[in-house]
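Structures incoming, each one as structure tokens.
You will see two complexes here that share chain A, one where it goes with chain B and one where it goes with chain C.
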Partner chain A sequence: MADDHHGPTVRIYLAVFASLMFLTALTVWVAFQDLGMFNDVVALGIACTKATIVILFFMHVKYASRLTWLLAGAGILFLLILFAFAMADYVSRGWLGMPASHYLQ
Partner chain B sequence: MAITEQDVQASEDAPSVNYLNNGYGLKSWLLTRDHKRIAVLYIISISIFFALGGLFASLVRFELMTPEGDLMSSDTYNKVFSMHGIIMVFFFLVPSIPATLGNFLVPIMVGAKDLAFPRINLLSWYVYVVAGILGTIAVVGGGVDTGWTFYTPYSSTYSNSNVILAAMAAFMAGFSSILTGLNFVVTIHTMRAPGMTWFRLPLFVWSHYATSIIMLLGTPVIAITLVLLMLERGFGFGFFDPNLGGDPVLFQHLFWFYSHPAVYIMILPSMGVMSEMVAAVARKRVFGYEFVAFSSVAIAILGFLVWGHHMFVSSQSTYAGMVFSVITFLVAVPSAIKVFNWTATLYKGSIVYDTQMFYVYGYLGLFLVGGLTGLFLSSMGLDIHLHDTYFVVAHFHYIMVGGQVMGYLGGMHFWWPKITGKMYPDIWGRVSALLVFLGFNLTFFPQFILGYMGMPRRYHVYPDEFQVLNVASSLGASILALGYVIPGAYLTWSIFKGPKAPDNPWGAKGLEWETTSPPPTFNFEETPLVTEEAYQYGPIEEH
Partner chain C sequence: MADHALHHDHPHGLAHQFEDMPQQKESAVIGMWSFLITEILFFGGFFATYLIYRSYYPEAFFEGSSHLDIPMGAFNTIVLIVSSLTMAMAVHKSHEGNKRGILVYLTLTGILGLTFLVVKYFEYSAKIEYGLVPGLAWHPHGENSPQLALFYSLYFGMTGMHALHMIIGIGLLIWVFVKAAQGTYTAEYNAPVEIFGLYWHFVDIVWIFLFPLLYLLGTQGGGH
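Moving on, here comes the complex of A and B:
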């Protein structure tokens, strides 16, 4: 297995830990700033960055075989499917142009 | 297929140590890492939950024999049908075939000594047992009344029953199936015997591979959804309650993202069982092997894109509903490929009317009705009328009981000689298969009519004109129960008194039939070398 020979060093682990701590602090700081429509975008962006770091280094995906990349990628793809189809519902709810009460008359 | 004296002689010449007699103490079972023993542990566990879920189903049918609610109160009825659903879905249907027949057969079919992670396999059983105990405590401690769907905001805010305990039980059962799926994926990828290429794999293995993908990709979503539900109910977090800024329909999206594919977790393994049995009873290679293999993968993938068809009458957008409706129709294509190809396999096959054949025919008929009525429900306009009626109840029972349980029972009969080393009386097998088929149809076909006439599900008081069909349904349920009890009796009898099974009693193809009955602890005396395609049956003899 590829990851028997190559894995993160203690130095990399410490760097990852430091970056996660920094991003956590950044999340808290950003929570008190009013960025308007970008509030959610920035918060989710930081969270996704942290998740990516954890997957790549703590979960060793960066050092794993291509098959592991494929399976990890499949997980992310299906998460995106969940978001995309659920959001397709929320985004298109008003398109019909008539209130629900219309059907009750 | 008649058992010859040579078969019996070969079986008696087999090594005397097998997985069953290799250690007798309780410890040798409870700490085993042998996938076959773990499969047996699962068979015992899920049988207990099947009986418990069946008991709740019996109570439902008893209550519905009269239009009045004279056996139990509305609150009690809510709990009874909820516990029936939760136990049957999470503790029987999802693990039934993968954790029992899959656990037993996947390593043998690929020519491996065990699954890739034997300890994780044992862990999955313990997680399942702990989940089952939690579920039982939830039942004994007053039950849960949300329905198996745990819909919010009722479950998160208003229900006074054991929602958190039941959700925790379902959450843990999910982890058990993730561990099983992980083991199958790694085993199939890395532990195939020399010569066992992907397109030489039995279709049972293909269907378990597709099932495992769903388990790995879908189950974490239901797990986190149930955690969110518990957080909202326990600590007032606002995910689903509109008063707290949440959205109840979000719960339905997250729930059905897993729970629709979960239907395929239930049905795909039974399709794998059918492929093996159809080939064996027809003594032919499965028609269009590659198409049947890829149709499993197609069902697994398409199954993730259709969940919104459960939500046509929620506040889900009509446009999203249209997309979900169209994709739902597409799922019919790979499902139909399987049914057509099994039928084509039977065509001009050398068919013997033994127990397996009865289950194959029963499965084909019931799955066909279940699948085609699914198309009614995926039509948005018709679904408005049929949603939450007994039509839906009948439809999903045709798939999940008619399809899945027929596959489970058929598979149990097919591989019982391999698992236990004993033969069962075939005549009783045929009688019980017939009873299951007749009892099932008498139970659930009237429910299609009831639903179409407008009888809603989850009510125990109904208008007088629905009584005849409800009594017919309850009568059918009694016959169905008999069809389930009889195999329990003669299969148990066969363990103690049944004649010894030869290694290959049906003359079937596959690595599991080349090892002894029951197999040795490490499955094969020597690692097998695979030199031919799956299902290479010889020319069919003229009768």
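Moving on, here comes the complex of A and C:
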């Protein structure tokens, strides 16, 4: 039965669409405000919010099984591991004030 | 279980290895998400490279970004968001088994996808004209030219891979469209529309991150 499918309604889709458009306008507007280092934080925060909205509603994860949640979460978890480990290496290379080759000899 | 083997009891579109339609659909959705995990990490490699080199050469990245066309990038962001809405509506119509609804919304989604690619074509043409394509047409000769080339290599690598996903998406869309026109999808059997929607929304999400990271980065002029 089609009615048994617990998906979002058209009204929810339109609300999601409106919020995505609003956040797009917001991210362009914020980009032209000088917030110092917080420009990046805000831009990425808005992008993550938009992505979350798309995943939960357009991709139906909010209405999906626990196993689907697990898979979507696993993708994001491993993405964060990729970023965290790569950046931990590159960012910390200069901290000891000596070239890495020093340790290789 | 044996009852399912009876021919008259076999629902349209149900493969014999599945118990029932919900189980089959769940498997399709999970299969698509498994693929999307590999896609997340594929683009993740690009984003990690971007993060590393941007933290190394912030000035060159600000300068490179300031040459990108924000109105075009913003327009394409809107185009993709609208296409995600029409795609979600196509999936919604497929749940109702509404063939005409599926076809209308898939057509709109396809037109928006093509619009995105046309805008991208004009953007790429401008970059070629201005000599901002590393390895092919590269004009900057300043001190930071190599770092600038790094930014543009990432720009073309990331947006190019994204555009390739759009092209593949439009190809898949045509296939789903043909199947829908043949009346394959019903209120019970519509998993292909659903999982194609997942792919389409994923490609939209990639652009949601590309737009601020590539286009909006240069607005502050690297003054910090």
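As a convention for this text, the second predicted complex is superposed on the first by the 94 of 105 C-alpha atoms of A that agree within 3 Å, B and C clash if a C-alpha of one lies under 4 Å from a C-alpha of the other, contacts with A are read in each partner's own complex, and residues count from 1 in each chain.
Going forward, a residue touches a chain if its C-beta (ideal position, glycine included) is under 8 Å from a C-beta of that chain, and two chains touch if they have at least 3 such contacts.
On a predicted model such as this, the values are computed, not experimentally measured, just so you know.
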| item | value |
| --- | --- |
| Overlay on chain A: chain C relative to chain B, clash or fit | clash |
| First, second, both or neither for A:Ser65, with chain B first and chain C second | second |
| Touched partner set for A:Leu96, first chain B, second chain C, both or neither | first |
| Touching partner for A:Asn39 - first (chain B), second (chain C), both, neither | second |
| Contacts of A:Ala31 with chain B and chain C, given as first, second, both or neither | second |
| Superposed model, chain A: greater residue contact from chain B or chain C | C |
| Which superposed partner A:Ala88 touches (first chain B, second chain C, both, neither) | first |
| Chain B versus chain C as contact partner of A:Ala74, first or second or both or neither | both |
| Clash-bearing segment of chain B, relative to chain C, as chosen among 238-246, 382-390 or 472-480 | 238-246 |
| Where chain A meets both chain C and chain B, residue numbers | 67, 71, 74-75, 78, 82, 86, 90-91 |
| Residue numbers on chain A that touch chain B, as the complex places them | 67, 71, 74-75, 78, 81-82, 85-86, 88-93, 95-96, 100 |
| Of chain A, residues touching chain C in the complex | 1-2, 5, 7-8, 10, 13-14, 16-17, 20-21, 24, 27-28, 31-32, 34, 36-37, 39, 43-44, 46-47, 50-51, 54-55, 57-60, 64-65, 67-68, 71-72, 74-76, 78-79, 82-83, 86-87, 90-91 |
| Chain B to chain A touching residues, read off their complex | 185, 189, 213, 216-218, 221, 249-250, 253-254, 257, 304-305, 307-308, 315-320, 323-324 |
| Touching residues (chain side chain C, partner chain A) in the complex | 26, 29-30, 33-34, 36-37, 40-41, 44-45, 47-48, 51-52, 55-56, 70, 74, 77-78, 81-82, 84-85, 87-89, 91-92, 95-97, 187-188, 194, 197-198, 201-202, 204-205, 208-209, 211-213, 216, 219-220, 223-224 |
